[in-house]
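These are the structures in question, set out in turn.
Each of the two complexes below includes chain A, the first together with chain B, the second together with chain C.
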Partner chain A sequence: MTVNWAQILFNSVITGSIYLLGAVGLSVTYGLSGFPNFAHAEFITLGAFIGYFVAEQLGLGLPAALIVAFLVTGIVGFLCYRGVFQPLAKRGASIIHLMVASIALGFILRYSIGAAWSWHPLYFTTTWSAFDVGPLRVTGLWLWLIFVAVGLAFIMHLILTRTKIGKAIRATSSNPELALASGINIDRVIWITWFVGGGLAAIAGIFRGADTQIWPMTGWDIILPMFAVAILGGIGNFYGAIAAAFVIGLAENVGVVALIAVGLSTEYRMAIPFLILIITLIVKPQWLAMLFRRA
Partner chain B sequence: MVKKLLMVIAVLALLIPAVGCGPGPAETIKIGCVLSTTGLLGPMGEDMMDSARLAVEEVNAAGGVLGKQIELVEEDDATEAAKCLDRVKKLVEIDGVKILVGGMTSGATMASGPYVSGQEVLMVSPSATSPEISVQEWTSWVFRTTPSDAFQGRVLAQVVLDGGFTRLATMVQDNPYGVGLEGALVEALEEAGWQGEHILSIHFDQTKMDYRTELGQIKDSNPDVILAVTYCDDGIIVFKQALEMGLDEIAWLGCDGNYGPGMFEEPSCAEFMETAIIAGTRAAGPSGTVYDEFAAAYEAAFGEVPSVYCDTTYDAIKLIAQAIEQAGVYDGAAVKDALLQIGQDYEGASGTITFNEIGDRVSGTFEIWKVEKDEQGVYHNVQVELITV
Partner chain C sequence: MLLYGLDFLVFVGIFGIVALSLNLEFGFAGLANFGKVAFFLVGAYTYAVLSQIGVPFYLCLITAAVIAAAFGFVISLPALRLRADYLAISVLAFGEILRLLIKAEHGIAGGVWGITVSPAISLAGVSYRVDLLVNIGLVYFCLLICFIVAQLLANSPYGRVMRAIREDEVAAEALGKDRAKYKAQIFMIGSAMAGLAGGLYAQYLQFIDPYMFMPMITFTVWMMVILGGPANNWGALLGAGLVEFFDRGANLAKDYLVLPVDPSNLQYILFGALIILVLFYRPQGLLKESPIKTKALELVRYGRGVVNNKPGK
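Showing the complex of A and B:
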C-alpha cells in the first residue's frame, strides 16, 4: 500500500495548528490560575459563532472575523475569570470547586449560544479552491490556518521574551510569590492571559468551523485532544504546548494510517495520542517540558 | 424519632397504591414510541414522530382498537443507542407498554433487542436497516417496516456491476448501519460473481470531522468506485474534504443516510455530490394510493411533504393497531403472532409489506438518486429509477 507521507505530515500540521491555537490558552490559564477551565471549549465555540456572524452575516470576510472574534472572545474570557473564577478563588475555592464551576459556566455559555444562534449546524459559504504543490494537496484555508497559527505563536514568543508584560507573565508562571514580592501586579498578569487565551481559542474555533461546521458543540468536540496537548506539553508551558500540539497532530494522523493498515476503525485515532500521553506520564513526565523550557 | 419514622411510613404507604396499580387495566391501549427527536438525527426523528401521531389519530378516529383509544407514549433517545435502551426500559417498566415503535437507528435497535425479547415485548423499528439485526438471537421480537440493508446492498451491487467497476473502496460510519451496509454490498457482489476487489475499508468516527488522512489513503489505494455510508452532518464533511483532497474524479456511491436537501447547505459538499456521486440509493415508497393518501393527510396536518421513514413509521403504527385488534388481547407474544399474519401482502404507505418468519420484509423498493443543479443554481436530489428487489 502506497502512503503519501508528505501529505500525512501536512495533514498533521493542519490538525496540530488547530490544537496549538486552542491549547495554548488552556495550558497557560491552567498554569497561572491553577485549575483546568472546561469552559475553554465554549470560548472556541463562541469564537466560531462570532466569526460566522462577522464573516457571513455581516459579510466582512475572514480577516475581520478573526480580529473581531479574538477581541470579543478575549473580553469574554477576561470577564469569566474576573466575574466567576477570581471571586471564587478569593473565597478559598479549591481546584475541584473551580473546575466544577467552569463546567457549569461552559453549560451556560453553550446553551446560550445554542439559543442565540441555533443547534442546527451552520457552514461558512466561502469555498476554498484546492491545488497541488508537488505531492501535496492544499487549500487556501489550510494555508491560512497554518500561517495564522505559526504567526501568532511567533508573536506570543516575542511578547514573552521581549516585553515587560511578557517577562511578568513568565515570572508569575514560574513563582507567583516571588513575582508578587518583586512588585508585579499578579492579578493584571492573569487577566491578560485569560484575555489572550480566550482570543486564541476563538481563532481555533473559526478555523475549525470553516474546516467543518459550526454548532454549539464545536469546542466540546475537540477539547479532549487539547487537554492532552496541555498535559503533554507541561501545564502552563507555552513552548511545550506548541511542541505537543504538533506531536499529537502527527500521532493522530500517523495513527489513522496505522489503524487502516491493520484493518481497525479509525475511531481509535484518539487512543494513540492518549497512549503517548500515558506512557510519557509514567515513564518521564518532564521530558517534553524540559526539552522546551526557556530560561 | 418515632414521629419521624411514622411520617416516613405514612409517606411510603401513600406510594403503595400507586405502585400496586402500575400499568393495570387502563382505559387506553398504550403504544410506546422511541425515536431520536433531538441529537444528530433530530430533524428526521421529529418528522417520524409526527407520522406516528397521525397514524394514532386516524386509528382513534375510526374507533380505536379493542374498543379503546390508543395512547402514544413518546420518548426521545437523543440519537444515542444506550439512551434508547434506557427509554425502552422506562416504557416497559414504568408505563407497562407491551408493544412499541423504535429504535430509530440500527445501533439503538441492537442495544434494545436483547431486553425486549427477555421481557416478551414486541418492538417494531421503522428505520433500523442493518442486516446484522436479522442474525441476532432476539430478532423475532424485532419487526422492521423498512427493508434490511441486505436489499440496499444488492441495489448498490447492481450499480457497481453495471458500471464495470473493479476496485472498490468503502468509507463508512463505524456503527451497525455503516458496517452493515458495507457488508451487504460486498456480500451481494460476491454472490453475483464479481471479478473486482474490495481494496480498502475505512470505518470512521462520525464526530471527528477531520478525514483528510483517511481520504488520502483512499486516494493512494487508487479505487475506481467508493461507497460512502454517512448521516447528514458527517457526510457533509466527508464530501467537502473529499473535494478538497481531489477525490471528485472517482465515482462515488451514496445511500439513504446522505440523501436529502440538508446536504446542500454546504456549497463544497453540494458541488462534490453533483459531480462525483454517480448513484445513491434509498428505500422508496412506490407512489401507490395508500402512500398518496398518507402524504396528503401528512401535508394537511403538518404543512410539509413527508420525508424519509415517515411512511414506514406510519405503517408500523397501523400494523400494530390491526394486530392488537386481531389478537384480541394486549400482549407482546399474541400481537407478535397476529402481526406475522397481518403482515402478508399488506398494502401500506411504504408499499406492499410481507414479513418473513423473523419479522423482516421479504422485499423492498429502492430508488436510485443523483444530485442535479437547476438553472437557479439550487441543488436537488432527482430520482433516476425505482428498483424492487
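Showing the complex of A and C:
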C-alpha cells in the first residue's frame, strides 16, 4: 500500500484548523471561569446552522456566513455566561454543578436548534472546485478554512500581545486576584473571552458542517476531541491549544493509516483523540503547556 | 394503557437502580461520574453474551454486576486521583471508546447491528401482561436489594466517611481515611449496580445495539439525581420516577396534542430549563439530604438531651 504522506499532512492541517477554531474558546473560558463548558458543543452547532441559514437559505455566500455566525454565536456565548454560569458561580455552585448546568444549557440550545431547523442532516450545496497541487488534492473550502484559521489565530496573537485588552486577558488568566487588584475589570475580560470563544466555535462549526453534514449533534460529535485539545495544550493556554490542535489533527490522520495497516476498523479514528485525552489526564495534565509557558 | 403503565414501571425500576448508583457516587461521595452509561453498557453486553451461551439468568445478572464492578475498579485506579472536572471528562471519553469498540468489533456482540437477548424468565404461552408482571417482580426485587445496600451504606460510619470525602477530601485523609481506597470502593459498588441495571435492561428489551448507550443515558440519570435530591436515596428514586414520567408524557403528547414545537424537542428544552432552575433555586433537589441515622449518633443526641434536661444544672 502506498501512502500519500503529503496528503496526510495536508489533511492533518485541515483537521487541526477546525480543532483550533473549536477548542481555543473552550480552553480559554475553561481556564478563566474554572469549569469545562459542555455547551461549547452547541456553540459549534449553532454556528453551523446560522452559517447554513445565511449562506444557503439567504444565499449571501461564505464570508457573510462566517461574520454573522461569529457575531450571533458570540453573543449567545456571552449571554450563556452572563445569564447562567456567572450567577450560578456567584451563588457558590460547585464545579460539578456548573458542569451539569452547562450540559443542561446544551440541551436547551441543541433541541431548540432541532426545533428551529430539523434533525435531518443538512448539507451545503455550494460545490467547491477541487484541484491538484503536486501530489495534493485541494478544495477551495479547505483553502478558505486554512486561511481563516491561520488569519484568526494571528489576529488573536496580535490582540493578546499588542493591545490593552489583550494584556488584561493575559493578566487575568495568569493571576485573577492580582489582575483585580491592579484595577482590571475581570468580569469584562471574561465576558469578552466568552464572546470570542463562542464566535470562533461558530466558525469551526461552519467548516465542519461544510466538510461533513449539519445536524443538531454536529458540535457534540467533536466535543471530546475539543477537550483533548484544550487539555493537551494546557487549560487556558492559547498557544498550547493551537499546538495541540495540530498535534491531535496529525495523530488522527496518521492514526487512520496505522489502523488500516494493522487491519482495524477506521471507526476507531475517533478513539484516537479520546485516548490522547485520557492518557494526558492520567499521566500529566498540561505537559504541552509547559513548553509554552511564557514569562 | 395498563400495559403502558407496567412498561413505565419497569423502566422506573431499572433507571431507579442506576440513579441510586449515581447517587452513591455523586450525592454521597462527590464523584462526578459522567460515564455512567459505560458501566450500564458493560452490564448489558455481559448479560447478552452470557445468555446466548445458555447461562441461567441469575448468574448472568450477577456476572454483569461483577464485571461492571471490575471495570469500575480498573477505571478507578488512575481516574479517581483526578480533579472532579478531569474525572468527568475522562470517564465520558472512556464510555465513548467502549461504545466505539462494541460498534466496530462485529465479533463481540453483533457490532453495529446489535444482538438479541433472551428474556430472563420465559414462561411458555403467557400473555404480554403476565410477562410484564414477571419483569416488574424481577426488576423491583433487584431495586429493593440495591436500595437496602444504599441505605445501609448511607446510614453507617461508611456513609459518614463518604460525606467527609465529598466535603473535604484532604481533611478526611488527614483523619486517617484512605480516600483513594474509599473512592475506589464506592466506584466499584456504583458500577456493580449500574451493571446489574444494564443486565435487566438487556433482558427486558431483548435486543441491544451500541446506539442505545449514548452519553444521553448518563445525563438522563444525572437529571434524576439532581432533580430528586443528591445524597438522598428516596430522592434518587423520586427523580427516576419523575424523569421517566416526563419522558413518557412527551411521547404521549406527540400523539395527542398539537403543539407548535415538536414535543420530543420541547421535552429536552424543558428538562434543561428545569435542571438550571433547580441548580439556581433548589440545589439540594426536591428531597433534601437525609440526616445520618446511626446508632452512635442517636446515642449522642439522646445523651445530650438527657444532659440538657438534668434538673439543677
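The definition used in the following text is that the second predicted complex is superposed on the first by the 281 of 295 C-alpha atoms of A that agree within 3 Å, B and C clash if a C-alpha of one lies under 4 Å from a C-alpha of the other, contacts with A are read in each partner's own complex, and residues count from 1 in each chain.
In this text, a contact is a pair of C-beta atoms (placed from the backbone, for glycine too) under 8 Å apart; a residue touches a chain by one contact, two chains touch by 3 or more.
Quantities reported herein were computed from a predicted structural model and do not represent experimental measurements.
Participant: Let's test your reading of the overlay: on chain A, do chain B and chain C clash or fit side by side?
Facilitator: After superposition on chain A, chain B vs chain C: clash.
Participant: Looking at the overlay, what does A:E267 touch: chain B (first), chain C (second), both, or neither?
Facilitator: both
Participant: Quick one: classify A:P135 as touching chain B (first), chain C (second), both or neither.
Facilitator: In the superposed model, A:P135 contacts neither chain B nor chain C.
Participant: In the overlaid three-chain picture, which partner chain does A:P63 touch, first (chain B) or second (chain C), both, or neither?
Facilitator: Once the two structures are laid over each other on A, A:P63 reaches no partner at all.
Participant: Should A:Q213 be classified as contacting the first partner (chain B), the second (chain C), both, or neither?
Facilitator: first
Participant: Based on the superposed arrangement, let me know which partner A:G151 touches: chain B (first), chain C (second), both, or neither?
Facilitator: neither
Participant: If the two structures are placed on top of each other, which part of chain C overlaps chain B: 116-124, 152-160, 242-250 or 296-304?
Facilitator: For chain C, the listed stretch overlapping chain B after superposition is 116-124.
Participant: Need the overlap of the two footprints on chain A, from chain B and from chain C, as residue ranges.
Facilitator: Dual-contact residues (chain A): 264-265, 267, 270.
Participant: Can you list the residues on chain A that touch chain C in the complex?
Facilitator: It is residues 35-36, 84, 87-88, 91, 93-97, 99-101, 103-108, 110-112, 114-115, 224, 227-228, 231, 264-265, 267-268, 270-271, 274-275, 277-278, 281-282, 285 of chain A that touch chain C.
Participant: Chain A touches which residues of chain C in the complex?
Facilitator: 26, 30, 32, 34, 78-79, 82-86, 88-90, 92-94, 96-97, 100-101, 103-105, 219, 222-223, 226, 261-262, 265-269, 271-273, 275-276, 279-280, 283
Participant: Within the complex, which stretch of chain B touches chain A?
Facilitator: 42-43, 174, 200-205, 207-210, 212-214, 216-217, 219-221, 233, 236-237, 243-246, 265-268, 271
Participant: Provide the residue numbers of chain A that touch chain B in the complex, in ascending order.
Facilitator: 1-4, 7-8, 11, 14-15, 119-121, 123, 125, 127-128, 130, 132, 137, 139, 211-213, 221, 252-253, 256-257, 260, 263-267, 269-270
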